[in-house]
Structure formats: structure tokens, C-alpha cells
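One structure below.
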Amino acid sequence: MIVILKENPDQAQLDGLLQWLEERHITIHRSVGSHHTILGLVGDTSSLDIDLISALDIVEDVKRVQEPYKNANRKFHPEDTVIRIGNLEIGGGTLTLFAGPCSVESEEQIVGIAKAVKASGAAVLRGGAFKPRTSPYAFQGMHIDGIRLLLKAKEATGLPICTEIMDASQLPLFEDIDILQVGARNMQNFALLKALGKTEKPVLLKRGMAASYQDLLMSAEYILAGGNPNVILCERGIRTFETYTRNTLDLACIPSLKTLSHLPVIIDPSHATGKAALVPSMAAAAVAGGADGLIIEVHNDPAHAKCDGPQSITPAVFDSLAKKLKRIHDITRGDREYD
Amino acid sequence: MIVILKENPDQAQLDGLLQWLEERHITIHRSVGSHHTILGLVGDTSSLDIDLISALDIVEDVKRVQEPYKNANRKFHPEDTVIRIGNLEIGGGTLTLFAGPCSVESEEQIVGIAKAVKASGAAVLRGGAFKPRTSPYAFQGMHIDGIRLLLKAKEATGLPICTEIMDASQLPLFEDIDILQVGARNMQNFALLKALGKTEKPVLLKRGMAASYQDLLMSAEYILAGGNPNVILCERGIRTFETYTRNTLDLACIPSLKTLSHLPVIIDPSHATGKAALVPSMAAAAVAGGADGLIIEVHNDPAHAKCDGPQSITPAVFDSLAKKLKRIHDITRGDREYD
Amino acid sequence: MIVILKENPDQAQLDGLLQWLEERHITIHRSVGSHHTILGLVGDTSSLDIDLISALDIVEDVKRVQEPYKNANRKFHPEDTVIRIGNLEIGGGTLTLFAGPCSVESEEQIVGIAKAVKASGAAVLRGGAFKPRTSPYAFQGMHIDGIRLLLKAKEATGLPICTEIMDASQLPLFEDIDILQVGARNMQNFALLKALGKTEKPVLLKRGMAASYQDLLMSAEYILAGGNPNVILCERGIRTFETYTRNTLDLACIPSLKTLSHLPVIIDPSHATGKAALVPSMAAAAVAGGADGLIIEVHNDPAHAKCDGPQSITPAVFDSLAKKLKRIHDITRGDREYD
Amino acid sequence: MIVILKENPDQAQLDGLLQWLEERHITIHRSVGSHHTILGLVGDTSSLDIDLISALDIVEDVKRVQEPYKNANRKFHPEDTVIRIGNLEIGGGTLTLFAGPCSVESEEQIVGIAKAVKASGAAVLRGGAFKPRTSPYAFQGMHIDGIRLLLKAKEATGLPICTEIMDASQLPLFEDIDILQVGARNMQNFALLKALGKTEKPVLLKRGMAASYQDLLMSAEYILAGGNPNVILCERGIRTFETYTRNTLDLACIPSLKTLSHLPVIIDPSHATGKAALVPSMAAAAVAGGADGLIIEVHNDPAHAKCDGPQSITPAVFDSLAKKLKRIHDITRGDREYD
């Protein structure tokens, strides 16, 4: 950590700061410039509160050198994290396709789609039972009945299930669910993150609409620090000034997050673009860009889907897309080297 | 609602759509242009799912004419909402100052600050007991002990208390708290919003970092639709590319939200700027811009505050600021006319 | 165009509007709802000034149905535009690699890099002679001497040259340049765009940091409307809150712009990411996503480049990347269908 | 400047860097931490190219301590810059109102508005003769005829004139204009900035839609470094995800820019909000927030203005607004202390 002092700092305050740092076993290197004195703090600075130091009258600025996350940091865990669910491996060079409808609507619907996407190569069934909707008047999901239907689809196909949890109090209902999804709007619902940190369930953590890479990794850190190492990061678009697409898909997050962290990175082109016609090309781009997997909305009848119809592709489109993605992955899989 | 059809729409799909709309008692006005046919839908369109219509192959675009919120909409409730807590009135032309530390730290601290800010004209004491922190390693608040100390400060000063609730499960602990704050990161924690809708407690709802005015009003709508009419909107800065300030304070939200809605609008210059030196001028700007109140971080010893020190002002600065704000409010209070 | 009237509009103003529209040969379809009356305007509305109508007291909102650009619009020009420079074809299903240093520094440097990138498959040499730099104290390019060296590199390799023009007054110096680049900061320098519209030179038009797809297409429209049909669109990252990358690369612009327009779309992963380590994966993603080409910074000695060293890759990296891009293009080239 | 080295840096590269710095008379303070070595560079680092150092393999990150602008920096020029035009003083504690129509349309219009706004207290007449319009089909201004009419209005009222220059080649036409405006879209048109640096004309420099405070100050630096000290900074809204307002007005720029720089700061609430109804409250907020002035669009007949009608207020509204602004300024003018 680097502390930049204002010109002519008050000596008593400075002495106080230096003593306070020494008590915390921080070694201080001082550089005196013409306008600024700079303190280089050496030692375990992750426990120092940057805000506390910034607040001092004598301090102009404080800059972190070390990232504020440890468990999620590739520097301390150079090997890729691989999440294992039965025989399935997510991360470490594989390509995992999550597919399914936005919402579970009926047994026929979810089992039908599950069979179709499995036949095309999907390895995880996604589907919403609890739906976070901007409007209180929109369809909110089938809740516990939706969970039951997802488990029927699992029974019928053997596909592991990924579905969204919206509140820590719902955890008991998710006992048989394989991957718990935390939505973008809950990425900093710290009560939920702490509760998930106490489980061993794989968590698909979606990036918030205004979350930086560091924010996302700090939210992952909440889960990891709680004792649960099974976190999958998911980019689903950030909010920018562009309105043609629902959000702006930030694919540079793939090599960036994989440089900063050892956790798998999954891309959601459906929510990112909000338009079915854009999903295939962005899915292909994500695989070429090094994603560990994709989560794609597939619906047998998008025009009558209870939510997010415009961004869902049909099973037929998914089938031909999955074949192409595999071919791209064969070309690019060898490139994964992050340091 | 307006539906713009693609060129040469499939007649069978179009007939299906028209019939579906008629079943919902929607009257349709059709305009045929050279490239587009436009359907004007007249009737109660708030129950129509815009996504469902957008997903049809024959549809190029759907545009809402009516806002998707009702309870929060000034069109249906032209009079300002006034929140009453004892003799205190928030909204309707008054200026209410919320002040206090970011976090409750000790009885001495919170009671001392409460007395000071009351003497300067604050009408509500703010202070965090449950703190949402980006880092799992940062101070997370005193929890139930913090609540107890806030109630002691209330006892000592008579000031109503505003403090943040992070999860619906905490509700029983907040029984004696006067105003429940929902933080920016929880603005779309719908489980929490629904729980608050079932109480009668005033809720201070902070705008999320990437939330549009409409998103904020839809979150308010969750609480209002649940039966709780006591919602106060709060702007605390949005996230943009500018990094000098912690967030970008969007003061145009004041006349905008007051045009769209009848709910009171409060400004938080402390979190918006992240720098104590910018708080007084932005507080003055907010009052001149028509805010119903301010929520300001005040700490007797910012340099040793357990969080958010850099953005806290001292009781002395608050005292002179409050005097100036009152003078500005006297000039601008008569201007409030929204239609 | 759709005009939404306020409740109970003033009849005299409304009559005035209706007459004004009729004088412009616009047919009006009126839909009367419970709260709003909607006017559907049919005819050539592209000449109507949306601001003029919005300003009327009786008008609540105006929404365009037709895009405000014509020459750039795929609806009126369904076939892909293909830019031809000698035997080179840009657009229409080909993949064109632009490569070269940020700045021309010496004959040895530019000729050496030109030979290297040509051998690896680049079809256009890029290199800056006039450099837009944020700081007046940074290296501003070799100016006319840089142009001369670029032409020497063209002579030595046969590669067409793409370089940036910063002001209309520089046009005479660019007579032998093949492709004129308009930088992101000049995307709405309308004096420059108009001047380029009067030439026949292919123009590489970079998207501004805060420009929507429509803004970019309106800037292209300036050139096209002037009589120059040879415009290539280029995404180079937009500005968002994320600071890890220099900008945020928006690859969904590829299928979006190609749906809206017939113009070729080129991606610049170097400026978008600002980090050489991210360039190969984002280049691969862009090709998989359907880009018509890439513009990549290549420098034989990035650590001593006079500008933008951190984002330049070496000729060796470019060579292996180009091979991989070709393989990805072979898989994805057949998918290009936009309507 | 601080250079953070990667772990185990290559010794030869490091020696090369150290020698290169020494040749530039930079003193180096080295701090060795557990994971990072930090170099503190002391001396005149403003001439060092941060990109050049960042590009080195051994470097993890480089952080500037000193701002990259000198002439615009308050540290080196603690006194407020005051721009003098005849008896008018802009900056230094005064409040200057610029007012007038978006575009000059006729002699009657511009002279009439000039007289009206002068009577209400405006000190500068604004009006566009060359208009940057997003669409090539929109009204582009009256050009030289517009300049002539502005000068007639000056003759009739004595008000100095502020109007936009779009290209360096137009300079001769602006000989009698008092303040040259550089529009947001041209903020980084460096050819134009350099040309303005060679004049002595006051320049109103508008912040670009995606420009940080530092970017704005670097553009001012271009003009100042050229020898022209007369720069006025102008905030007119930045582009964010919010679409209700035309742009997002960032009033925290006022105390921020005045802390960083000695240049006057003027606010444009008309372009920032795009809605006439929001202009008065945001004008009041800007004055309370410490602005040195405002630039407001005033039109005698907004509904028939040739551009920007929706954001123009009438002379009557301006008149009552100006009175209120003066009263607010009387309260807040004493607060201006920046260090």
C-alpha cells in the first residue's frame, strides 16, 4: 500500500500514523519528493482499512498495490479451480454448456427442453423457479413447484440443475439442487453470500450491472472466505449508455478475470444481449475468447414463454450452435495460459 | 402501448395477436405506413407482458406509453406524499436533515453525535448497525448491539432513528426503529422489498448504482403494492466512468422523480461524493434543487471512524452548513410545482 | 413517428400541429386512450424535426419508428457493402487484418513491421503519423514525415495504408493514403466528416467512447450523404466504470451494426483493452462473433514504442494469432445472415 | 510516480530501467515488500511517458502521484483565474449568466432575446451560428449570416457574444466574437485546441460526454500550453445509462474542478437535462454548488425554435429565475475556499 502525504504534513499527525502502522508490524519506506512525500507500506496490508488512512488530514491519496481479495486471487492459487459435480468438470480447460428456459412453466415444458438440450450437448439444465422481476406485477416464478419440476427433469435426463436462490431463507428448498445461482441484482446481497459460504454447494455468481471485476471477486471472496471453494463467475452484461442491446456484454472479462483469479468464468449471452438473434454470434465469441462455459436460454416456444421470450433461442438453433461451439473450442482450448 | 409490426407480417400470427388482445379487452387502432404497421393498444395495458409481445416474429418493437408503475405514479396520486413520524413531516415542502455517523461505534460516540446534530437542526439520527461492506474482511457493524445503542441515543435526544436493514430475517430486531433504510446494493433485493411492503414502517429506499429512475420507482412499487405507503426515495450517486468522486451525484433526479412520482426525495451527498470537502456544496445544491431532505454523515472524529471516514464531516461543519441550508430552503421552497 | 399527447390537450395547439403535419403530406392516425391520445404519423417523417414536436406544450413524448439514417440503413440497402482497394475486398464475408505500430517512428521500424505482418497475413498496414494524444506534452507523431515513411513501407510491401487524419485541412497530405482513419475523439467532428464525404477515399470510422450504435451510424451517414459510399465502421471500446481494461470492448456491436447497416464492421482489440495480453483472445472472439476484420497494434519492440506500448503485440504473437483467426473464420464465415 | 514491479523481475531489464531514469535526473526510492518491489520516482516526472514504463515486462503497474497538467493545476496557480471582457469578470467569486437561443434564426429573434435577457441580468449573449448536429439532415445553423446577426445583437445591447467554433479554419470569421465555445463533441479535437491556444480569445471549453475531470483539464492544458490563459470550463452533462434526462448533470464537478484547477467553472443546465422544466431547479442547484456562472438556453418561442426547443426556457421564466439565482449566490458566494 502506498500513502501519498500532502505538502508540509502536520508532524504530530504523521508521527501518530507511523506509530499506528508500526504497531501493526508494517514496515515503512519513505520517499521525499519536491511536492509529495510517499510512504511505501510493506507487510500484510490487507487488514489495513484504506478508508481510515484516507480520512487523515495529512493524507492526499492512498493506493493499494496488493489486491484486497486473497482466496479468489490467482497469485496465491495459481492452479485453475475445477468444480466437480458427479463426472462433470467445470473449469480447467473444459467447455460446459448450461441451457434451459428462463422460467420453469410445466413438467412437459421443462422435461422436454431438458431432453432436447441434453441431446445437443448441454451438461447442466438451467431454469428459474424463483424469478427476480423488476415489476411486482410480472410473473414471479412457480417457486417450490418449479423446484420440484426441475428435479423431475433431472430424474428424466440425469442433468445437474442450476437455479436461482433469492434469499438465504430459501436454502432448505434447494437441498437437491446442484448449482445455486446468485443473480446480478443480488451480487452484493451480503447476507445471502455469507449463507452460501457456509454450504458446500457450487455457486454461480452473476456479475452485477455496475460491478467492476474487483467487486465481483470481492463478492466471490465472501463465499470463499466462508469456507465454500466452489464459485463460478458469470458475466451477463453490464449497464452502459447503449440501449440497442439489453446490456453491454463485456467479453474482455474472460481473460481479465482468469488473470486475476483461478475461478471458472461462464458467459450468459442471453441476458447480456436480450435478443435471440445476437445469442449465437456472442456465444461463439465467448468460446473463442476463452470462456469455461456458457449459460443460454432455450425455449421450445419463445413467443409464449412466460418471461424473457425475446432472448430465448429454440432447441433447433441451440443444436446447431452447440456443434459450432465445440469446433471453436477445439481450436482455442490450448491457449489458456494466465499468469 | 404501441406495437410496431415488421414489414409484411404473417397474417395468421397477426390474427392470433389481435384475438389475444381482444380477449384482454384491449382496443386496437391500426396505422398503416409505407414500411411499418403500427398498432395502438388502448385499455388497461399495465397487465400486458411487454416481453411476450416483443418475442413474436411479426413484431419489430413495442413501446410503452403508460409508465409500468401505478402506486408510485404522480398521475394517479397528484398530491405529495408526506411521511409522518410523531410531529416530523417528511415531504410536502419541508426540509428534513438526517445526520449521524456511518457506523455506530460506542454509546458515547452515538449519543454525543446525536446531541450535536440535534442542536444543529437535524431531525433524524442515522447510523449503521448492520453494514454492507464490499470486503468480507472490513468492519461489518455492531449488529444488535448497534441497534441498542441507537435506541439509547433516541432516548437521550428524542430523535427518530434511521438505520439499514440488510435481510428480511432481521425485521424483528428493527421493531423500535423509525425508518428502515434499504441500501443501494439491495434496491432490487425483492425478497426484502416484499417483506417491507407488509410492514407500516417508513422505508428509505436508496437508488442502486446502475438503477434508472424507473427502476427505482419499480422497487418503490414493490413496497407500495404490498400495502406500505411510506416510501422515501434517496439518491446517493450512480456509477459512471468518473473516478475522482466515489460516485456521480445525479441531482436532476430531484425534479425528475418529483414529476414522475409523489414520493419524497432525499439526497445523500456523503456517499455520492465520498469526500468530506465536497459535501457542503453538494448539500447546498441539493436543497436549491428542491430536495425534501438530506442524509449526511457526521462524525466527531472522522480520521478514526470505523468506516467511511473520508466522507464524514464534523459536527462543527454540519452546524454551519445546516444554517446555510435553511436560508437556501427559504428561497426555493415556494417553487415546488410538478405536474 | 408516434406523438403521444398530454391529457386534455389545448385544441388550438392541436389543430395547429395537425395542419402543420398535413402541409408536410403526413397522414395522421389517431388513437384515443383513457389517459393519452396517440398520433401515428405516416409518410416521409425523416424530414420532421423530432425536437420541434417535442417542444409543444401539448406533447408528452415523441417516438421514432423509422431510423433517422437512410444511406447507412440495411433496410434500404440489403446487400453488404464491399470496399475494394486493388484486389482487396473488405466486407461481404472476408476477414481483413489491419496491423502495424501505433506510431510510425523510423523507416527501419515501419518497413520492418510491414514486411513481418504481411508475411503473417495482414492485408493493410496501419500506423499513426498524426497522433491525437490526451496530453499536449506527449509525442504527437512524425506528421508529414510519418506519411512519407508509410508510403515507403507501401512501396516495399504493396500493402495499402491506413492512417489517421485529424483535421480537414490535412487532406492534401493524404492523397496517396488508401484508407483514412477518423479517430474516436473525432467521430462527431462534423467539419471533418463533411470534408471526407466529398472524397472517394475509404474511411475507417471509429466509434466514439460515448457513442451509441445510432450515433455511429449517423456519423457514417454524414460521409455517405456527402457522396462517399466507402465507410468502414470500427469498434474500439466504449467508456464504462470498469478500469481494469482501458475501455470496454462491445462485441455485440458486430451483429447489431450488421443488422442495422450494410457497412463492414472492424474490431480494434488493442485500444479496446489497452493490454497486449488480452489482445489475442479478444481478436479470436471478434472473428468468431462475425467481424469483417481486425485492426491490431503490432510493434517489434513494444517496451520502447513511442506510444501505446502496453497494448502492442509482437510480430511473433501476431503470426500465430493470424493463423488461429483464419481457422476460426473458416468455421464461422457461413453464418452471416442479417435481416 | 510510483512503479510497481512484478515478482522476481529480470535483473537486466531492471538495471536498464534504473539507468534510463537516472539519465533523466529522477531519484529512485526502492521499497521491497513480500510480493512486490515498489519504486518511488522523485523529480520532474511530468515528462516521463507512463505508457513507456507500463510496457516493460518487469512492471506490474505504474501510478501517477502528480497530475499530468501544470498550467491548469491549482497547485501551481493557487489564485482563481478571472477572465476579463471589458468590465465583465468571469471567475473569482462572481456569478455570470450566459443566455440566449440555441440557434440564431433572424435579426428580430436574436436582438429581441438579447434585449430581454440583458434586462433580466444576463451578462453574455449565447447563440449558435455553426451547429454541430447528430444528423446531417438537421438544421446546421446560419453560419456567417448567424455571426453577423450576433454582432448586430451585440451592437444593440452591448452584451459580449459567445458562440461555437467547429473547426480551426473558421477562426477568421470569429474575429469580433468575444468568447469562442468548443462543443462537447470537439473537446478532444486537438487541431482545434492548438489553434485556439495561439489566440488570446476567451474559450468556453465544454466537457465531453465521456470525459473525466482530468481529460477536461488536459484539453484545457492544450490551450493554456499554447499561450492562451483564458479558458472557462463548462459542464453540460455526461452520458450515462439514465435516459429520462438527455444527459446526467454532474454538479460535483464544481467543487472538484475548482479544487484541482484555478479556472472558472460554468454549468449548462439546458443541454444537461434536455427538458425546460428541469432547468430552473438545476440552475439554482449549480449556483448553490458554487458555479461561477450558467449558460442557459432562452427562446421567445421554444415550440418553434429551429433546434433544442424542448430544453429552452422563455424570457419570462429566465427573468424570475435570474432573480432567485442572485439571492442564492448572495448566500453561498462567501464559501469559496479551495485548497
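As written, the chain order gives the labels A, B, C and D, with residue 1 at the start of each chain.
The definition used in the following text is that contacts are C-beta pairs under 8 Å (C-beta built on N, C-alpha and C of every residue); 3 or more make two chains touch, one makes a residue touch a chain.
Source: prediction; values computed, not measured.
Over half of the residue numbers at the interface between copies subunit B and subunit C are found on both sides, making the touching surfaces mostly the same.
Overlaying subunit A on subunit C by C-alpha atoms takes a rotation of 180 degrees, rounded in steps of 5.
The geometric centre of subunit A is 31 Å away from that of subunit C, both derived from CA atoms.
Note: centroid distance subunit B to subunit C, computed from Cα atoms, is 38 Å. In terms of their C-alpha centroids, the spacing between subunit C and subunit D amounts to 26 Å. Within subunit B, residues 210, 238-241, 243 each touch two or more of the remaining chains.
Here subunit A touches subunit B in the complex through residues 46-47, 49, 51-52, 54-57, 68-69, 132-139, 166-169, 185-186, 188-192, 194, 208-210, 215, 218, 221-222, 225-226, 238-239, 302-310, 312, going by the rule given at the top. Taken in their complex, subunit A has these residues touching subunit D: 2, 4, 29-36, 38, 40, 42-43, 61, 63, 65-66, 75, 239-241, 243. Here subunit A touches subunit C in the complex through residues 210, 212-214, 238, 240-245, 248-252, 254-256, 259-260, 272-273, 277-278, 280-282, 284-290, 324, 327-328, 331-332, 335, going by the rule given at the top.
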